[in-house]
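Letters A, B and C name the chains as they come in the text, with residue numbers starting at 1 for each one.
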Amino acid sequence: MRTLGNLAELIDAELIGDPEAVVRQARPFDSALEGDITFASDAAYRAKIERSAASAIIIAPPAIDSARNLLVARNPKLAFARAVGLLHGKSYTPLGVSGDLAVGEGSVLGEDLSIFPRVTIGAGSIIGDRVTLHPGVVIGEGCRVNDDTVIHPNVTIYANCEIGSRVIIHAGAVIGADGFGFVPDEEGRQVKLLQLGRVIVEDDCEVGANCTIDRGGFGDTVLRRGVKLDNLVQVGHNTELGENTVVAALTGFSGGTIVGRNCIIAGQVGTNQHITIGDRATITGQAAVTRNVKPGAVIGGIIPAEDHRRWLHKQALYSRLPRLNERVARLEEIVRRIGQAKADEE
Amino acid sequence: MRTLGNLAELIDAELIGDPEAVVRQARPFDSALEGDITFASDAAYRAKIERSAASAIIIAPPAIDSARNLLVARNPKLAFARAVGLLHGKSYTPLGVSGDLAVGEGSVLGEDLSIFPRVTIGAGSIIGDRVTLHPGVVIGEGCRVNDDTVIHPNVTIYANCEIGSRVIIHAGAVIGADGFGFVPDEEGRQVKLLQLGRVIVEDDCEVGANCTIDRGGFGDTVLRRGVKLDNLVQVGHNTELGENTVVAALTGFSGGTIVGRNCIIAGQVGTNQHITIGDRATITGQAAVTRNVKPGAVIGGIIPAEDHRRWLHKQALYSRLPRLNERVARLEEIVRRIGQAKADEE
Amino acid sequence: MRTLGNLAELIDAELIGDPEAVVRQARPFDSALEGDITFASDAAYRAKIERSAASAIIIAPPAIDSARNLLVARNPKLAFARAVGLLHGKSYTPLGVSGDLAVGEGSVLGEDLSIFPRVTIGAGSIIGDRVTLHPGVVIGEGCRVNDDTVIHPNVTIYANCEIGSRVIIHAGAVIGADGFGFVPDEEGRQVKLLQLGRVIVEDDCEVGANCTIDRGGFGDTVLRRGVKLDNLVQVGHNTELGENTVVAALTGFSGGTIVGRNCIIAGQVGTNQHITIGDRATITGQAAVTRNVKPGAVIGGIIPAEDHRRWLHKQALYSRLPRLNERVARLEEIVRRIGQAKADEE
C-alpha cells in the first residue's frame, strides 16, 4: 500500500491528482478497480480513462484534464513495471539453513541464507549472503554463487561455475554440463573432447526453467550482466551473450556464438556455429541465423503458416522454381529474337 | 486376464466368437501370439487376419466370416487402446507417506497417498486422496493437487498453482515459473515485470517430461480439461489451451496464445503473442503461426528437407524472386508493345 | 604431465622432436603456452607454427622442418582430442555409497560405487560396478545400469529401462517417460494408449542435459552403442538411433523414427513419424524431414535469416508465386500465338 505521492516519486512520474490517495495493487487496465493503479498503453486505452474505476492511471505525456489521478511518465509501461514491483514485491526474509544441507569440505556459506531441505553443495564452493537455494538444488565443487541470488528447485550447477549477484535461475535449469564436442575416429566412433571451461553468469541475469547452458570447451561460456533467458533455451559451449540481451523460449545457440548487448532474440531461433550477432540486433522467431548479423539489424525469415492446401500448392510451385526460371529465360530469348527479326525487317 | 465376453462389453464391441476365450495381453498385429488381443488397423491387416496367431482381433465393421474370434468396433484403434488399459493397467495401491516428507505449516494431506522419499510440500497446500508424488517432487506454498493425480520425479510446481484430478505430470516438468516479462529502462536494462498470476491444470490433463508452463502475469495460464502435452513443450504466460487439445514435442506458445478445444498441434510449432487458434484446428509440424487461425482450419508451412544441393539451387532462385518478377514484368511490357505495334500495323 | 615420447605413442602420432620434453596441458593454438600441447587445424595455423610458444604441436602430414616439437598425425583434431583426454582426464576414484540411499527390495549394487546423497533406486534394479549416481538421481524399478556409467544430478529413469556401460547422462534428462499415444473417443476426449515398452541405451552413449527419451509403446526405444545427444533432444517412442549417430540440441524425433549409424543430425531438426534415415546421412539444422532419407544423403532446407524487410518482400513474391506462374503461362501463350501468326504470314 502506497500513497500516490510516494509512488510518483519512486517511479519517476509527474502526479496530477491527490498525493495522499492510496493504491494497494497494480492491475491491467481492463481489470483495474478502486484501490488499483494501472496504465494506459495506447490511444485506445487513453480514450477510456474516464470510465476506469482505477484509483490512478499511468499515462504518457501530454497530460490531460481528467477527474482521475494521473501519473505522467515518458514510458508508462516501464513506470507500471516499477509500480508492480513496489506494490507486489516481497522483501527478503532469511529462512535459515536446513539441517540436512549436504555440503562438501572447504565450502564457505554467507549470512542470512535461505537454504531449503535437500540441497547439495560440493567441496570448495562459496555461497554469498542472502542467497536462496530451493529444494533439490545441486551445486558442484568449486562454484561461486553471489549475494541475493535465487536458485529455484531441482537446478543443477556443475563444478567450477560462477553465478553473479541478484541472479534468478528457474527450476530445472542445468548450468555447466559438457559442451557437445566429439571427434570421429577411424572407425566412426565419436571420441569425446573433454570440456574444460566454465560457465559464468554475471549479475542480474535471469535463466528460465529447464534451460541448458553448457560449459566452455576451453575458455568459458558467458552470460553478461542483465541477460534474460526464457525457458528451454540452449546455450552451446563458448557462446557469449551480451549485456541486457533477451532470448525467448526454445532458441538454441550453437557453440561459439557471440551475441552483442541489448539484442532481442525471439523464440525457436537457431544459430550456426561461430556466428557473431551485433549489438541491438533483433532476430525474429524461428529464424535460422547462418551468417553474421550487423549491429542494429532486424533479421528473420520463415514461411508463415497458412491453409495447408494453399501452402502445398505454393510449395509445388516453389519446387518448380528452376523450371519457371528456365521458362522465363526461354521467353526472353524468343522475345529477343522477335525484336531482332523486327529490326531486320525495318 | 479377461474373457472375450467381458472385454467386448467393456470396450463396447460386438463379439463374433467364443465369449469364454481368454486373453492375457494386448499386442500389435505383427507381434500378436496366442493369448493376445490385437487389432486390424486397415485393409492390409484385415487381409491377414486368418494368418494371425492372436486369440482375438478387433476389426471395424462389417464383420467377416473367420475362424478367429473377432470384436467388431466402430473405432478399432480406440477399442484397442481401451483393451490395453483393461489388460495392462495397474490398479492403484497406496504406498503411504515417506517419513522424510518435508511439509509446510497448514498443509492438508488426503488419504491413501503414495508419497515417496524426498518430497517437499510448501505451507498451506492441499493434497487430495490417492495422489502419487515421486522422489524429488517440489510443490510450493498454497498449491492444490487433486485426487488420483500422479506427479513423476523431480517435477517442480511453484506457489499457488492448481492441479486437477487424474492429472499425470511427467518427470522434470516445471509448472508456474515466472512468465517472460521485462521492460527495458532508459539505459537498456531489462526491468522485471513481476508475474502475479497462477497456473491452472484442469482434470485429466497429461504434461510431458521437462515441459515448462509459466504462471500468468496478471490472471492465469490455463490447461483446460483433458489437454495432453508431449515433452519439452513451452507454454507462455496467460496462454490458455482448450479441452482435449494435444500438443507435440518442442512446441512453444508465446504469451497470451488462446487455443481452442480439440485442436491438434504438431511438434516444434511456434505461435506469435496473443494469437487465437479456433476449435478443432490442426497445425502441422514446425509451423510459424503468425495470425489467428479459424476453427477447423488445417494450417502449416515449411520447406520439406531435400537434397542439400538441390535446396541450395532453389534457395538461390528464391533469393532472385524479385529479379524474376521484374523479368516477367518486362516481358509483359515488351509483348504488350509487340501486340500494340501489330494492332497499329493492321 | 607426460613426455612427448609417451604421448606420441598413445595418440598414434609420429614425433619429430625431443621425446623427453614434457607437456602438462592441452590448449587451443591461439592460447597455447610453454608446457602446452596444441594442434594446427589448417594451413593458416600451420603457417604460424614457428611463432607458437607451445611445447608441442600436432600437425597433419607432411612433416615440416621446424624448431618446434611436432607430432604428425593423420587426423590432428582426433589426436588432439586424445591428448586432451590423456592430460586432463581424471581417473575414477570410488566415493562410496551415501548412507541415505533409498533403495527398493531386491536391488543389487555393484562394487566401487560413487553414490551421492539423495539418490533413489526402485525395487529389483541392478547397478553395475564403478557407477556414479549424482544427487537427485531417481531410478525406477527393474532398471539396469551397467559398469562405469555416470548419471548426473536430477536425472530420472523410469521403471524397466536399461543403461549400458560407460554411458554419461547429463543433468535433468528424463529416460522412459510415457510415449505420446492417445486415441480420441466419441466425444473427442483423448484416451491414453498405455506405453508398455522400455528404453535401451547401449554402451558408450552420451545423453545431454534435459533430454527426453520416451519408452516404447510396444517394443523399445533404442539408442545404439556410441550415440551422442546434445541437450534438449526429444526422442519419441519406438525411435531407434543407430551406432555413433550424433544429434544436436533441440531436435525432435517423432515416434517410430529409424535413424541409421554414423548419421549427423543438426539442431532443431524435426522428423515425421515412421521416417527412416539411412546410414551416414547428414541432416542440416532446422530441417523438416518428411520423407525417408537415403544412406549417405545430405538433406536440408530452410529460409536463411536475412534483413526483415527484404524477407517480407520476397515472402510477398513467394505468396504471389501462383500468380507469377499464371503470368508466365499467359506470356508463353501470347508468344506462341505471335510465332503462329508469323508462321501463317510467311
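Points worth noting:
By definition in this document, a contact is a pair of C-beta atoms (placed from the backbone, for glycine too) under 8 Å apart; a residue touches a chain by one contact, two chains touch by 3 or more.
Computed from a predicted model, the values in this text were never measured in an experiment.
Between subunit A and subunit C, the superposing rotation on Cα atoms measures out at 120°, rounded to the nearest 5.
In the contact between subunit A and subunit B, the residue numbers used by both copies make up under half of all numbers at that interface. Rounded to whole angstrom units, the spacing between the C-alpha centres of subunit A and subunit B is 25. Counting partner chains per residue, subunit C has residues 118, 136, 154, 172, 210, 232, 250, 268, 286, 302-304, 318, 324, 328, 331, 335, 338 touching two or more of them. Contact residues on subunit C toward subunit B in their complex (touch as defined above): 102, 118, 120, 136, 138, 154, 156, 158, 172, 174, 177-178, 180-186, 188-194, 196, 210, 212, 214, 218-219, 232, 234, 236, 250, 252, 254, 268, 270, 272, 282-284, 286-291, 293, 297-304, 313-314, 317-318, 320, 324, 327-328, 331, 334-335, 338, 341.
Interface residues of subunit C facing subunit A in the complex, by the touch rule stated above, are 27-28, 31, 75, 77-78, 80-82, 84-85, 88-89, 116-118, 134-136, 152-154, 168, 170-172, 204, 206, 208-210, 226, 228, 230-232, 243-244, 246, 248-250, 261-262, 267-268, 285-286, 302-309, 311, 315, 318-319, 321-322, 324-325, 328, 331-332, 335, 338-339, 342.
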